[in-house]
Amino acid sequence: MGQEAKKSLKTRLALKSSLARETLAEFVATFVLIVLGCGCVAQAVLSRGVAGNVVTINIGFALAVTMAVYVAGGVSGGHVNPAISLAMCATGRMDWCKFPLYVCAQMLGATAGAAAIFGIYYDAFMSFADGNLAVSGPNATAHIFATYPAPFLSITNGFAEQVASTALLVISVFAIFDTRNKGAPHGLEPVAVGLLIFLLGCSLGMNSGCAMNPARDLGPRMFTAVAGWGLEVFSAGNNWWWVPVVAPMVGGIIGAYIYVLSIEIHHQSETEDTEQDGDTYGKYELTNSADIHLGSSETSCA
Amino acid sequence: MGQEAKKSLKTRLALKSSLARETLAEFVATFVLIVLGCGCVAQAVLSRGVAGNVVTINIGFALAVTMAVYVAGGVSGGHVNPAISLAMCATGRMDWCKFPLYVCAQMLGATAGAAAIFGIYYDAFMSFADGNLAVSGPNATAHIFATYPAPFLSITNGFAEQVASTALLVISVFAIFDTRNKGAPHGLEPVAVGLLIFLLGCSLGMNSGCAMNPARDLGPRMFTAVAGWGLEVFSAGNNWWWVPVVAPMVGGIIGAYIYVLSIEIHHQSETEDTEQDGDTYGKYELTNSADIHLGSSETSCA
Amino acid sequence: MGQEAKKSLKTRLALKSSLARETLAEFVATFVLIVLGCGCVAQAVLSRGVAGNVVTINIGFALAVTMAVYVAGGVSGGHVNPAISLAMCATGRMDWCKFPLYVCAQMLGATAGAAAIFGIYYDAFMSFADGNLAVSGPNATAHIFATYPAPFLSITNGFAEQVASTALLVISVFAIFDTRNKGAPHGLEPVAVGLLIFLLGCSLGMNSGCAMNPARDLGPRMFTAVAGWGLEVFSAGNNWWWVPVVAPMVGGIIGAYIYVLSIEIHHQSETEDTEQDGDTYGKYELTNSADIHLGSSETSCA
Amino acid sequence: MGQEAKKSLKTRLALKSSLARETLAEFVATFVLIVLGCGCVAQAVLSRGVAGNVVTINIGFALAVTMAVYVAGGVSGGHVNPAISLAMCATGRMDWCKFPLYVCAQMLGATAGAAAIFGIYYDAFMSFADGNLAVSGPNATAHIFATYPAPFLSITNGFAEQVASTALLVISVFAIFDTRNKGAPHGLEPVAVGLLIFLLGCSLGMNSGCAMNPARDLGPRMFTAVAGWGLEVFSAGNNWWWVPVVAPMVGGIIGAYIYVLSIEIHHQSETEDTEQDGDTYGKYELTNSADIHLGSSETSCA
């Protein structure tokens, strides 16, 4: 195939709509997140702790987010999380019209990722507890896919914790991408976000596994419901399932406004900044490009 | 809300005083530090080692510092530690008039963070040891919030260790931010500082948990005193409480002067440097901007 | 030896052919990968878990890849993996004529690395199980060098998993090096790839150790066959040996096309990009240099 | 003290000789390395594994190297290791006349660091085994400071391993600093070197703890000899002490030449490189500045 033919093929296949491109990227990235993230839980659970433990699970899920952001970060921002997308929209970083498509792509990607990890570890699932797919008890495997509350946790405390966790997530993500604050260097934001996820898993993970992401939780849970674990995945933990869906959305907005109101809004304007080092243009450009990579708010939905 | 209205709202809300802005940033960052840092200890202690251990605690507290520096680093320097602020003032990196405000913000943020983590894990605290809030013994939970000495440790050795730990912290922090030395790249200093904190926790943490930070220790300790643990939190360990308050301040100044006198003062001046690569301007600018992010000494207190 | 003489010696020793240079670099890098990577497994196995465990093995193999990419990254791309080289060729990043030489260098380097680690730990091998070199059982040491399937794993599931693992590896590697996507900063791609390998080891390592690399697996396996473990290294696990040779090649191509078709092909052309920030030239250059470091497709084979 | 007075004080205190400056920096950096590195071993040993383990020791020593390189990297190169200094001299990266001073500073810094960690953990040493300072047996503490061979290790195998380890260290260090290869970004070399040290500890640490550094091993060993452990620290392990002194020097030179002859010498000259992206000047400058930071070969000894 000549260069000419290749180019024409590329031109024909390339998505013209930036919204389609971003939706596809969110789907692939969320798929990668769930295959690799839930894979770490699967490895620890199915090997009964021999090939994994709390450290590999927490580091692993964190790095799965890192890789997901590398896969889609330059295209759609790599939110892979409806709560992040909502925080973006609520603070004007992304057009609201994109929100439903992002969420759909994230939900589909997460569900597909859950199916993939079930396939990759199919023999292991079948040999673990003689193929019995349990939601609770010593042979439980449902928590490989979705989060369940600890026995001591009330719905109220659990809801509050998921709000707080997601708020802290969004505060830190906004700081990492805020080039007028310290800001991670371009190309390393995915790693900084990974460190953050690891920290949240070590710090706030004991109540309910710290989902902080409706797609990451609901998508795989729906998969388990149909793949053999049954509807107990929804009723377990006093109907826990809706908490990691609703609370992160609330926490995302709260965190976004805490960061904007306590830090971002007080940054000196570019004109005032010039008294420091004179490179107004450079700073402005950086700020813009950060916006692009977080949420592509420049491209309209039309 | 139109762009116009938004802008005018932003103008009205934005803090005009850079000191107010910095104080607010220190508060938020220290809050984040304590919620996420003490959260890691809480998770390990309250799960009796199942969901955390010495590695997750040390990495977790280190990453909590990283995130705190991302949250405030570009505004106030992200000291989140009175000993660091003192070292900054003592070496002319920050105006002395800012010092009391920084310390107040750090103390308040740390106390608020301790309250938040108590709330987030309220059900877990209540189910752990039947809601008994103990300072010592197998069900002790006070060390989730503040540090306590190991049984073998004398006050003298403990004081000397906290001085040495904080001195090593400040030496390394100054090196990490010293752009005329090797220096971490702009935007990655928070990660390098996190690696340093992890190292100090693995290396000098056995005597008393290596607080190295009066706000991190005293703020949460005061919270525990009123939240139900009682005044034993001050009397425990032979009245240990004042050591992690006083010793880090001494160590901070000692470390700062060790670095300045053994390394920084001997850097060739910018004019001499030009014989190497000619970009005096670039270097000078970098040095300045490092000062800005460490301590904002340019903005006067008036 | 004067500067003059040195220079002339250098001129005489320097390889004129860029293909010879790249082949040599791949050999050295794959050698480093296997010495240090399999060394981590050796340390954990031979110390019966005292000096190593699942975390040190997974981090260690990941960092061995990082160092291997540092050793050869700027010369040959540092593929150290025929599946990566194949993915490069299949997507036009490398000339097909280089492929056989790269694979030979990788196979030879991996075999030599296995011999080196056997030498470095010779006394330890001899004292472990009285010098008996076993392929299976509690004293097995063959899995220090090559991967073997878990008892529950069928060939079908194992093959599918190796295809999926390698596809996910290549998707993420392409994203990490894609400067028109988020992309890791220049000089940090080796670290990002290391994080990825660690993640894959924590996530998809339970079935069969997640080789994802024909040279990494077959080279050391051949060494063990002649060094005393015997031909059981090929027959074990239902003749498992060919799976980590063939499946990664299939997965590498699949992953490459998934990334190209779902992400890369939809990047806006440089001309369109100019509407964002105007530095077409800079972007184009970056893209090119990324290609150079991944596969040096510019230099012809002639 | 006015700005004027401060400046004049600085001028009087600043070392005029670049060699004195570099020697002082090596001393401080090696001190930091040993306090923090051996501190990690002390914490794990003295807490009998409660506050540390093989992971914290390996990560800790690696990060201690990272911080040491941050402390001195921009002044003296931050070798903190006679074997590295030797490799630098042998390949023309540093003047031979500097070598003895560097080695003296490294030895003194390491010895002082050992004394400091003994002081910091004095109470812990006294309470551990009732203050008995043992070289071997279950209460051994001498291996906190220096390395001792595993029971199975012969002197021959141990020597060969230390040669191989140090050679692999130097190959990778040269690659990390080689800006014409992939090369770590400026300011992140200390972190990349830390990753390398961690890897070597996980991979080749089982025989004898992988010293790879005569100063790191001999300095603290001499301290233990006089501080109460006695001369058994030299006779133990079949007079092991000279192996980690001599073998790393041999390995350092071998590794340096392997890298130069297999990779560095084949880099295309700057003039040829211009066909790629035209920034000859930039590349040349980078190469130079890398030399500066590794070994300051520009400044003569006179």
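A, B, C and D are the chain letters, set down in written order, and residue numbers restart from 1 in every chain.
What we mean here is this: contacts are C-beta pairs under 8 Å (C-beta built on N, C-alpha and C of every residue); 3 or more make two chains touch, one makes a residue touch a chain.
Owing to the predicted nature of the structure, the values given are computational and were not obtained by experimental measurement.
Note: the chain lying farthest from chain A is D, by mean C-alpha position.
Counting the residue numbers that touch the partner chain, chain A and chain C have less than half of them in common. Overlaying the C-alpha trace of chain C on that of chain D calls for a turn of 90°, given as a multiple of 5. Per-chain CA centroids place chain A at a distance of 28 Å from chain B.
The distance from the centre of chain A to the centre of chain D, with each centre set as the mean of the Cα atoms, comes to 40 Å.
The set of chain C residues that touch two or more partner chains comprises 55, 185, 188. By the definition of touch given earlier, these chain pairs are in contact: A-B, A-C, B-D, C-D. Against chain C, the residues of chain A that register as touching in their complex are 6, 10, 13-15, 18, 21, 24-25, 28, 32, 35-37, 39-40, 42-43, 46-47, 50-53, 55-57, 59-60, 63-64, 66-67, 69-75, 78, 116, 119-124, 126-127, 185-191, 194, 285, 288-289, 292-293, 298. Every residue of chain C that touches chain A in the complex is listed here, in rising order: 54-55, 58, 92, 150-154, 157, 160-161, 164-165, 168, 171-172, 175-176, 178, 180-185, 188, 192, 195-196, 198-200, 202-207, 258-259, 261-263, 265-268, 276-277.
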